[in-house]
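Here the chain labels run A, B, C and D in written order, and each chain numbers its own residues starting at 1.
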Amino acid sequence: MFVRTVEPAFYDTDALGHVNNTRLPAWFELARNDLFRLFTPDLDPRKWRLIMARMEVDYRAELQYGREIEIRTYVSRLGNSSFTVSQEARQDGQLTNLGHTVMVHFDHATKQAVPIEGALREALEAHRQEEPADA
Amino acid sequence: MFVRTVEPAFYDTDALGHVNNTRLPAWFELARNDLFRLFTPDLDPRKWRLIMARMEVDYRAELQYGREIEIRTYVSRLGNSSFTVSQEARQDGQLTNLGHTVMVHFDHATKQAVPIEGALREALEAHRQEEPADA
Amino acid sequence: MFVRTVEPAFYDTDALGHVNNTRLPAWFELARNDLFRLFTPDLDPRKWRLIMARMEVDYRAELQYGREIEIRTYVSRLGNSSFTVSQEARQDGQLTNLGHTVMVHFDHATKQAVPIEGALREALEAHRQEEPADA
Amino acid sequence: MFVRTVEPAFYDTDALGHVNNTRLPAWFELARNDLFRLFTPDLDPRKWRLIMARMEVDYRAELQYGREIEIRTYVSRLGNSSFTVSQEARQDGQLTNLGHTVMVHFDHATKQAVPIEGALREALEAHRQEEPADA
């Protein structure tokens, strides 16, 4: 599991006074940098090996400006060429959001899915985890 | 069904040369303005009557900068106090994204869900529709 | 002069209830699509011929969610290889923002500025204009 | 001077492969959280005491995805009720962006500028600094 802390900016808020829903997919993508490095260690976009197939985010409580947010990132499903990333946002210890992203190991030159094998598969297995009890 | 056209900006793209995945939740929120007006006709945030419970987006094909994107918005489920908004993005006639957003009719003062009744229910019913055959 | 209308989305607002300041550089970039087409008619990023050298935005009044915003875009200075784009945002007829962007005609392969000549220079001259009396 | 590190997300890039220009105003606002706390220690938006009057950003070099960016924030001018925040972005030790933001100490209830006095003035003076030699 990868853990990061993000700090909301004023522009992350909306007129309801809390963090806007569209910021969660963005923060979750930022936090996936840790997973992206398993595929592309130097994060060079010209060597990119992933595409996104699906994204889901549950909104269970509001996130507020002025207090840090913890993002946890792990692999909850590992298929042949695709896998699911589960991500949790927490503020003041409360689980506010649970997200799932289906990513596909992909060759952008041939536009085809590629099996996840060898050291790459082991690296993803090492970050595999069940979803939390409070989810 | 509400239909709108959005034009990608350069900042909507990412280093893979296409529209970044995080823009879909944003464009879908922009397109929900039409639905929001059924709840708050002048869109005054101080009279807001909705919260988001869940968001899903499927990514079926890439969206490109330089060509317009059509967004279709309709109600695909109407519950007691919650409903599901289905949204489609299309470019050059191809369905690239299908999104679902679960919204709850909500009283922000009492922090409670409120049944959808009367003229409001009728207005939402008028925009109810099945998902498309190509979805 | 190019004129466009943008409609604020809920995510464009911030906790002060108005449009967040960071949205103006984004909307101004969207509106520059019209100017970008003079350099790259199909907007193909692989043929891009511009870089940004400087951006300024004045904030004279608040922009509100729920009402359309007019963006005017024109050339206020035309140098040898660089030019300045002036952009105005107006809501309900009031000038709320005046922006200036210094762009450089640029060869991304050789990483060098390129003089603006011939038909391209004429096209930019055709959109040249003084700033408004109310600015 | 306040110093922070930001890590670019994939969505911060654009089709030219580098960080998009519109992200600098956003990152600079995030980094101003440190200054905002001098005015509103708990960052509660309902007690907000500032408005933005002007923003400028110079673009001297590209910022790349995959490497951290250092943001330095300080006060370069302190007027009666307004002040200028200077902000620098650096990657791999190179100054890539210099930004200036004119903020006004403001009473959002009466919609009037308020003089910067007493402990607040001293706090801002403590973060006052000249712009760097390489700027």
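Here are some notes:
By definition in this document, a contact is a pair of C-beta atoms (placed from the backbone, for glycine too) under 8 Å apart; a residue touches a chain by one contact, two chains touch by 3 or more.
Chains and their UniProt names: A, B, C, D = Thioesterase family protein.
Nothing here was measured: the structure is a model prediction, and the numbers come from that model.
Interface note: chain A and chain B, two copies of one sequence, contact each other through mostly matching residue numbers (shared numbers exceed half of all numbers used).
Centres computed as Cα averages put chain B at a distance of 28 Å from chain C. Chain C and chain D, compared by their mean Cα positions, are separated by 22 Å. Distance between chain A and chain C, defined via averaged C-alpha coordinates, is recorded as 34 Å. Each of residues 10-11, 13-15, 17, 21-22, 26, 29, 45, 65 in chain A touches at least two other chains.
In terms of which chains touch, the assembly is arranged so that all chains touch all other chains. Considering their complex, residues 10-11, 13-15, 17-18, 20-23, 65 of chain A touch chain C.
Within the complex formed with chain C, the residues of chain D that make contact are 14-16, 21-22, 25-26, 29, 45, 48, 51-59, 108.
Across the interface of their complex, chain C is touched by residues 7, 9-11, 13, 17, 26, 29-30, 32-33, 36, 42-46, 65-66 of chain B.
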